[in-house]
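So, here come the structures, one by one.
First chain A sits with chain B, and in the next complex the same chain sits with chain C.
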Partner chain A sequence: MEAALKALRKAPPTALFGMAIILFYVFLAVFAPIISPYGETEIVGEQFEDWSPDYLLGTDNLGRDMATRLIYGARNTIGIAFITTCLAFMIGVTMGFLASTLGGWVDQLTSRVVDILMAIPSLIFALLLLTIFGTSMPSLIIIIAVLDSTRVYRLSRAVSQGIVVMDYVEVSKLRGEGLWYIMKNEILPNAMAPLVAEFGLRFCFVFLFISALSFLGLGIQPPTADWGSMVRANADLITYGILTPLIPAASIALLTVGVNFVVDWFLHKTSGLRE
Partner chain B sequence: MSTNHTAPEEREILVEMRGLRIEGQSEDQWNEIVHGVDVTLRRGEVLGLIGESGAGKSTIGLASMAFARPGCRISGGTVMFDGMDLTAMPESEKRKLRGTRIAYVAQSAAASFNPAHRLIDQYSEMPVQHGVLDRATSESDAVDLFRRLKLPDPETIGFRYPHQVSGGQLQRAMTAMAMSCKPDLIIFDEPTTALDVTTQIEVLAAIRDVVEQFDTAAMYITHDLAVVAQMADRIMVLRHGNLVEEGNARAMLANPREEYTRQLLSVRSFQKATAGDATQAPLLKVEGVTASYGSGPKVLDDVSIEIGHARTVAVVGESGSGKSTLARVITGLLPLSDGSVSYKGEVLPPRLKDRERGQLRTMQMIYQMPDTALNPKQRIREIIGRPLSFYLDMTGSKREERTRELLSLIELEPDDYIDRLPGELSGGQKQRICIARALAAEPELIICDEVTSALDQLVAEEVLKLLQRLQDDLRVSYMFITHDLATVRAIADDVVVMLQGKVVESGPKDEVMTPPHHDYTELLLSSVPEMDPDWLTRVLEARQANA
Partner chain C sequence: MSQILTMVAQRLALGLLTLIAVSLIIFLAVELLPGDLAEAILGQAALPETVAAFRRELRLDLPPHERYIEWLGAMMQGDMGRSLANNREISELIGVRFGNTLFLAAYAAIIAVPLALFLGILAALYRNSLYDRAINVVTLSSISSPEFFVAYILIAWLANTLGWFPSISNVHEGTGLLERLYRTALPAMTMTLVVVAHMMRMTRASIINLLASPYIEMANLKGLSRMRVIVHHALPNAWAPIINVIVLNLAFLIVGVVVVEVVFVYPGLGQLLIDSVSKRDVPVVQASCLIFAVTYILLNLTADVLAILTNPRLMHPK
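For the complex of A and B:
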């Protein structure tokens, strides 16, 4: 804990900036019902009203308050992206560790399946699967998580391949430890640094991916507020020179930048790189 | 060595370092690692730098070409080379000196050669690059040097790739490369440490000959006093970045002034007294074991050994002799293809996963590299405590108590060490933790795979003494895999000599270590360097007479 605080004090301004952004978004997401002036799906005014004290960022194509939708959007988009990334990591890391620890046909089988999944462009594959299984929230999360876990698998397999050959893993095997103990206590703690860094990056990709799907109409479904679909629903306004639809897009960009700053710093720190 | 020409002390000074201070960076702080050392080296002289790891010997060696490794800097003092002040010289000028007038031979030739180029290409690169020689002259030079270094097929060996020659040959090729521009000074940084004793002796002889023939000055860096005794005219003993003692090699070996030098000299004098009981039925019996990796050639061929109760069996041989593979077969990591391993008369299943927990508990292993044998993310409490709860179902305060007891047993203060991570320990302490972890399982047999070869000599001796004391107290048996015959002399009751996967000779230590020997045992024994400065000359003469 002390070490963490010490490291935080030494963090470069970019990383602090990134952390501030993330904390701000998390704050919005957690306290959305308290902060936002109206209800998430409440129609409060006319369509496309201008910015005013009543409607801080105007209203959208159905007359819902943009500022409210933006805050709830943080909650939904970030929440879903977070759950999806966690799930992707659970699948990917488990499979990756299993493949590298057991080797042999397990490794061959999982690696080839992953190869097949990775060979198909993921956006098209996701669109296909979502059309088949429907665009409910659980299927959205599971499909993206499975597709994304392939990348996590690749990384965790590579990282743990370097760890399973260490003598301390052999010591555990000789002691008669089970597979789960070895994966959890010997490999995972030593693979943590690259995995955490990857988690940050993966989170950004998932987040962008969901927004892209929502923009295409196959992601988070209305009336749930979400940044991707907000851009699409209000895209027409841009032709009139109104910047409102760009605000959810900018929110996406800002969070991505923030997360990347933090990840960069973390990678730099753990990999022992110096300037 | 340079008994020819004028006496060394009258010759011209080549390198002079005065008040050399070097700092190293750790955790954003600069700490001084060399504290004002003076070094003088005359033309044609061989200076031995000796000390344990962390003594600063490599750092000082590199400083003689005004080079500091990344993360280090020369913070004080002067470095004069042939009358030029290197510390004040611009980097581009220094680069011209390096390679042409000062050359460096690294510890691991295998890691220093580029695997994608032939030896001769790498040899010629330096002289051609620096415009000293043209390619053709340099190649014919190479053949000449290869011949002088007694490399086989000197005309053609240069056209091979690094992986096509052996480790000892590669180290000699590296020496040839360093000689390519006929430098005034060569720095040898532990050139034989990674080699087997039988190979080491050839490399030592070759290096000594060429250095003498070309009258090159050399700095010979090593941690092995017996090696430096063969090579150096003058020796500097270093410790923690300070000079301990300096003087003529023969004089110092005959009559060391400082206590630390005496310790280094008397290292390996330790010998175990009593042996275990040889008459009892053996604890472990390996019979006619044959094994190979995958479908490759046999790594073990019809190997039979026995390990008695509370006895130490040393398995010796060079790298590739199959001694570590034998340990893997015994522990079940590598299933044997023929023969059997029986423990107390009971045949063990060949595969690790078929063995019961009780069978696993009785046999523990200690590894060569304590750095990789301890999980860097686990605290000592967990490392030692895990076998306690795994095998003996200890939990809570009982486990904690036993962990502390084990730490005291290996002479580490429990309160200080129990919460540490392996990274916060020295090499010797890490190896002690590995011993404690093995002991935690309350084993009857501990397999020690080169446990002291990664440690400094003084530390290694402490570890050996600890192992011996534990054997006396706890009556455990050791299977001691090593290539170091001094260790064998110190600790073994029985000796097994292995060569190319076969047992060449085995029996009680006194029998194996005294003549008549098997040819290979003879070769091994005679290749172990002795403190006597005339040892190398004597052995080479004896071998020539026999041949």
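For the complex of A and C:
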């Protein structure tokens, strides 16, 4: 705990800025119903009303309060991206560790399958699968998680290949520990640093990916509030010189920048400690 | 020399294998549907006779491997079947649009590649300087922004406030080259901004990597001029990573075009793909995905082959 505080005090301003952003977004997401003035899908006024004390950021194309939608959007977009990234890591890390621990044909088979999956650009692949399975929330989460787990697989396999050959893993095998025990208690703790950094980067990627899909009308479906679709639905305002629709887009960019700053610092720190 | 040929041949064979596997995936993905395509499209209320007729029309009554071979053969001859939504020939729908997409991607690439290489090499040479740090923050924010954010900022600024460019890129077959360049300026700029950031960071990283190698230090210690070190010592070995960076980003451009086309209502393949996904027009989605995937794989393949061909260690074997 003390070491963590010490590290925090030494963190560069960019990392502190990134952490502040992340905390702010998490706060918005958790307390969305308390902070927001109206309900998520509540129609409160006319279409496209101006900024006013009643509607802080005006209203959207259906007369819903923009500020409310923005706050709920934090909850939905970030929540879904987070769940998807977690799922991608569960699949990717398990497969990657299995491939490197078992080796042989398991490794060959999974690696070749991943090679082929990665040969198709993920946006194109996701669009193909969304056509087939439809754009419901569960299929969105599972499709993106599976596509993204290929990247996680590559990294966790590479990292754990360096760990599997260590003496302590050998000792653990001789002691008769099972595969699951070795993966969980010997490999995972030693692979943590690069995996945590990768989690941040993958989260950004997934977050941008889902926003892009929602913007295209194929991601999170209405009436659920979401930043990507908010931009698209209100984009007409931009041609009239009203920049409100840029706020959700900017919110996406800001969070991604924040996470990237923190990851940069973390990578710098953990790689510095190793050298 | 024969060593190079073997390596290139191996890489090409692997590429061909990947292409076949990818076409299989795109074809077979439809088989994952619960029930089949006919049921999914016609809905549960459809009469059994209608479903049966539809199946015959789509040749769903044949086993999958026969249909795959037939589909692939027809695709290679340019016959992509008919759209389910409007029954038009898919090749007709795709032809012009794919040309438009390639035009836009090439337009962006012509601006982006020299710019990114120049900025990246500069950042590597003056690393940790104020310029390097500033450009690091700028490129990071650019990478972090969704493409549509960049696009709408450009629309709000260059199209609405200043009125320099149109915010909608409507081109058709009769549009002349200059007019076309003018109308697609904003989408091209959007893609340039997004891709320059990536390309620049990759260029910077590969050059820094190179400058850290012992033979460059040796050249510096011999007292050679900075210019000579870079042109004669660093550059021959830098070609492979630089070409790699360029081609990878071209592949990225081809795919990144999808969102940008939608923002600017540009009649390209990306927009057709998005429309067809929302209509669940499976044959069109399959054909467009195949075209995108093949372009992407071929570009990656080119990157790998060029990297082998420009590797000085392979070109001058001992």
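Simple rule for what comes next: the second predicted complex is superposed on the first by the 272 of 275 C-alpha atoms of A that agree within 3 Å, B and C clash if a C-alpha of one lies under 4 Å from a C-alpha of the other, contacts with A are read in each partner's own complex, and residues count from 1 in each chain.
One rule holds in what follows: contacts are C-beta pairs under 8 Å (C-beta built on N, C-alpha and C of every residue); 3 or more make two chains touch, one makes a residue touch a chain.
All figures in this text were calculated on a predicted structure; none of them were measured in a lab.
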Task: Clash-or-fit label for the pair chain B, chain C on chain A - done: fit
Open item on the list: Output check: A:A193 vs chain B and chain C. Expected answer is one of first, second, both, neither. What do you get?
Closed with: neither
- [ ] Kindly classify A:I35 by the partners it touches after superposition: chain B alone (first), chain C alone (second), both, or neither?
- [x] neither
- [ ] Classify the contacts of A:A11 with the two partner chains as first (chain B alone), second (chain C alone), both, or neither.
- [x] neither
TODO: Please state, to the nearest 10 degrees, the angle that the Cα centres of chain B and chain C subtend at the Cα centre of chain A after superposition.
DONE: 90
- [ ] Between chain B and chain C, pick out the one touching the greater number of residues of chain A.
- [x] C
Open item on the list: Going by the contact rule set out at the top, does A:V44 touch chain B (first), chain C (second), both, or neither?
Closed with: neither
Open item on the list: Once chain A of both complexes is superposed, is A:Y168 in touch with chain B (first), chain C (second), both, or neither?
Closed with: first
Task: chain B and chain C, minimum CA distance [Å, superposed model] - done: 6
Open item on the list: Per the definitions at the top, what is the overlap between the chain A residues touching chain B and those touching chain C?
Closed with: none
Open item on the list: For the complex, give me every residue of chain A touching chain C.
Closed with: 14, 115-117, 119-121, 123-125, 127-134, 204, 208, 211-212, 215-218, 228, 231-232, 235, 238-239, 241, 243, 245-246, 249-250, 252-253, 256-257, 260-261
Task: Residues of chain C that touch chain A when the two form their complex - done: 18, 21-22, 25-26, 29-30, 32-33, 137, 140-141, 143-149, 152-153, 155-156, 160-161, 167, 251, 254-255, 258-259, 262-263, 273-274, 276-278, 280, 282, 285-286, 289, 292-293, 296-297, 300
Open item on the list: So in the complex, the part of chain A that touches chain B is made up of which residues?
Closed with: 166-168, 170-171, 173-177, 185-186, 189-190, 192
Open item on the list: Under the stated contact criterion, what part of chain B meets chain A in this complex?
Closed with: 331, 333, 352, 355, 357, 360, 364-365, 367, 369, 372-378, 386-387, 390-391, 437, 441
